[in-house]
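Below, each structure is written out as structure tokens.
Note that chain A is present in both complexes that follow, paired respectively with chain B and with chain C.
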Partner chain A sequence: MNTLLEVKDLNVSFQGNENENKTGNKSENKNETVTAVSCLSISIREKETLALVGETGCGKSVVAHAIMRLLPPESIVKGTIEFKGKNLLKLSEKEMAKLRGKEISIIFQNPSLALNPVYSIGHQLAEPLRIHTQKMRWKEKEGKKEKVKQKEKREKKKENSNLSKVSRALKRVGFSNPREYMGYYPSWCSGGMNQRFLIAASTMLDPVLLIADEPSKGLDRDRVSELENELKGLKEKSETSLLLISHDLGFVRRLADRVAVMYAGEIVEIADPSSLFESPLHPYTRGLLNSLPERGFVPIPGASPPLSNPPAGCRFHPRCPIKEKRCTQERPELKESNGRAVRCFLCP
Partner chain B sequence: MHEAAKKTFRYVASFLLIVTLNFALPRLMPGDPVKNLIGEDVYVSEAVMEELRTEMGLNRPLYEQFTAYIGDLLRFDLGYSYHLHSPVAEILRERIVWTLLFVGVSVLLGAALGTLFGAYAGWKPETKANRLACCGFIALSCTPPYFLALLFLEIFAFKLGLFPFKGFYDVPTPGSIAHHMFLPVTVMALFSASRNFLIMRGSVIQEKGQLYALYARAKGLYDISILFRHVIKNASLPIITLLALDFGFLFSGALFTEIVFSLNGMGTLIYDAIIGKDYPVLQGSFLVVALAVLLANMLADLAYAIADPRVRRPA
Partner chain C sequence: MSLKAENLSKTYGSGLLGKGKCIFRDVSFELEPGQTCGLMGPSGEGKSTLGRIIAGLESPTAGTIHFKDSPLSGMKKAEYATFRRRVQMMFQDPTDAFNPRKRIEHSISEVLKLLDTPGTERIRRTKEMLKTIGLPEEVLARYPAQLSGGQLQRLALGRILLLEPEYIVLDEPTSALDVSVQAQILHLLKKVQAEQGIGYLLISHDEAVVRFMSGKMGMLENGKLKVFE
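Here is the complex of A and B:
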């Protein structure tokens, strides 16, 4: 299968000034550069689901936003992000805008804040349709000059068909009476409902690549399995590739084709879910799995290092139970062998 | 609904308070209430004074006076100006039309200009033009409107002779009215715009950092359309509140401007009434201005409820 997205040596750093610190990490001083992602390479093939897991603050959302070029201006992004053979980092903002929402969609981590408080759900969900069909209409208009009345009529028809598309999308994510919810506003709805609105909005245009940042957060168990079916169906029907970011390892295991484990801005292990969950190689992955409730709830000792000043050598060494001397001095590379990749001196 | 009931109660209470104050003030002021009610500078003989005292019922008990006063109000009878020799209600009706026209046009213009320029300045605050505009509007907002009015009058009316320097019109045609109103409206609109500009600029700078603006970008919206389709509506909510709060302030500014340009509206009316100690006119003006401010606040409340769905969450 062809590679759809190829991220090579991605480095993202934030020129630390003022209070831009999202996590409120106090150890990060002012005027420090935070390197949120370093030397990250991942690839997603067509129709593939790649999951990205890791502790909070390890840079998962930053990767997602970097791919869509949504990072704030104070960020410095290096490396290449190739999507369908084009380097997204070289595209103009206008060309990028054409891809966003149509070819690459994202479900944000915080749905209640991602929706605009003063517009109705229906209006906001129809927006991607409006944005990405306008350009075509533009061309037609230039071709033959229509009469105003005809145009109005068509526009109305278009709006109606948009609304019925929205209502179908809402039905798919489990709203039995979508027309009613389309008149609602985000503040009238729960976080879980807003999450499902975002999912509907992002999947409506059948994107080639869907980035889902914690899509199962805030949903109860029934909704999670509904979401799972929805995402599975999306992949089968419309050949969408999925970059799935989640804390819910069970959810990841059921959906992903490959799983990438991130620690402190780096990929430490990539493997298919069954081998990763049954025989994890990297000490961090093992620790992560051991901290699951069903495996004894054993937390990894210590805390993740500050990204403004990561430890020398292997970034995991202060917390690693099997570290050696060289781990504190040399940096391990990501080594690939029979379909898996690990960043550790002691792993094959 | 509960919230609405509370609000209605608050408005009714303020209304009653205004009406009561208006009743109490002339009677509490030092000196003879008759003098206070007809104006100090009016010359009348002792006998006429006594006659007036009985006519106005000032020798009757207070509650009777109050009910009579309320009855008069309900009939739009605000008393009689012995200076201008005509009923106060009639004078006010004639003058307020002009002031409302003047203030209304300036406030609307100022709101529109200030909001648009402020929004753009907040969207791209780092460009040179926007920085310059920001400095300019800060300077404007610090300048008292009457000073600006004097400046404009000096430059455009006296020095350049482009505009007339007094009155609303020579002949009451729209052209003449516009010609006469141009300078005062420009002054007031600039003043009002400067305040809206600064609020809007700050509001847009804050709102564009919200996640919904980023999500709008993620949907494929491009640059300025994010401002117009998503940010501007959120950012202009504070403007609604500001307009209401500012109404009284703008109104007083407008009164000073009227005086500078010798416009025959409420401003000059109140000014003349103060000079001539014409209390009935002052009292009536106070009532009308207070009610106008109350009404503006009410409208703002309503507009806010329409614009912000968070206020009208269904039960």
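Here is the complex of A and C:
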């Protein structure tokens, strides 16, 4: 299978801005640079589901936003993100806008906030269709009166076809009478419904790569299993690759083809789900799995380090139960063997 | 010494316009100090509403709550104030529980000011509380946005502990947190319970969490409460 997306040595950092200095703790925030992601390399093949797991604040969402080029302007992004052979970081905003929604699409976390409260669902779902077909309309020459009538007719037709496309998309995510739901507003609907609207919107144009950023967050169990079926169906029906970002390990295990574990802005382990969940190598992965309910909620001692000031050497060493002297001084590299990769001196 | 709920019912939207929607009917149970009672059920079944009624934040449509053998409705003002202090509630999202524009120190000391604690005593108790919840003193100078969800949830619990509660209603205390942090918070809750003998009403949709924490479990479904040990 061909590689669809290749991220190489991605570094994302944010500079503490002046506004923050005024309100925040002056001595602490001065020139504070937060390196949210450091030296991250991942690749996604066609039709593959890669999951990115890790604690809140470890930089998972930053990776997603870097791929979509949605980070705020004050962020410093280094490295390469190659999508179908093109470096996304070098594209102009206009070229990027053409890709967004059509080739690469994202489902944001917190569905109720990602939808606009003042537009109806139907209007918002038709947005990708409107934006990515607008170009055709620009090309049409205006002026001649007979043509204006024809144009109006054509536009009406297009609107109708848009509507039927939207209703088809809604049907695909499990709404039996889509015409009714198209008139709804986000505040009328539950979180699970809004989540499905978002999935419908982001898969409207059959993107090659879909990024799902914490899609299961805040949904209760029934909704999560519905969502799981949704994403499974999507993978089977279309040829979409999926970058699944989540901290819900059970959800990841059932969906992913490969899992990358992140800790404090770095990838610490990459493996296929069965070997990762059955024989985790990195001490952090082991700790993470031990804190699962089925393994008796054994917590990892301590807390993850601040990204503005990560510890020297291995970033996990202050919490690691098996650390050696070397771990506190040298930074381990990501070692690959037998299709697995792990960032630890002490792992085979 | 227990907190008893008798035949609680709650109906929303009942008034001149219509009959309203009955959320639950005839719910009775008892909370003992030092023990945890789990409350499960699908979302929208009124788990949180029941929790809020127990904590005195909402009033039931019918039924009574007995705190230390006296019914809530017949309480004098001072008695009711004690009840509100002794029965506390911890919410799902810790970021919403703190004022984003104030330092943590302010949000914490607000509670002690309310109890008319003198300055030196305030500092001592805050330090003691931080030790219990396992956070360094530096966090006091921070803003809520500078702390992680796990740290904030610890602080939310710490702020409650300053009031020396006898019962805490935990409304999905870990569902906004990561698995690793969830385990830490659950262990902390158990530790605090063992030390101070607080009774918990744990509301959660996660069966594993409820099983880990509590001996007694209730299931709220279709407006009825089923209790099993």
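Just so it is clear, the second predicted complex is superposed on the first by the 322 of 348 C-alpha atoms of A that agree within 3 Å, B and C clash if a C-alpha of one lies under 4 Å from a C-alpha of the other, contacts with A are read in each partner's own complex, and residues count from 1 in each chain.
Everything below uses one rule, namely that contacts are C-beta pairs under 8 Å (C-beta built on N, C-alpha and C of every residue); 3 or more make two chains touch, one makes a residue touch a chain.
Everything quoted here is computed from the prediction, not taken from an experiment.
Of the two partner chains placed around the shared chain by superposition, chain B is the only one that A:Leu115 touches, whereas chain C remains out of contact.
When the two structures are aligned on the shared chain, A:Leu249 is found in touch with chain C, with no touch to chain B.
In the superposition on chain A, A:Pro293 makes contact with chain C only, while chain B stays out of contact range. Comparing the two complexes, no residue of chain A contacts chain B in one case and chain C in the other. Note for the complex: chain A touches chain C at residues 23-25, 55-57, 218, 220-222, 247-249, 287-288, 291-294, 296-300, 303-304.
Contact residues on chain C toward chain A in their complex (touch as defined above): 42-43, 141-143, 146, 148-151, 175-184, 186-187, 205-206, 208-209, 212. For chain B in complex with chain A, the residues that touch the partner chain are 210-212, 214-223, 229-230, 233-234, 237, 307-310, 313-314. Those residues of chain A that touch chain B in the complex are listed here as 68, 70, 93-94, 97-102, 105-106, 108, 110, 113-120, 127-128, 131-132, 185, 187-188, 201.
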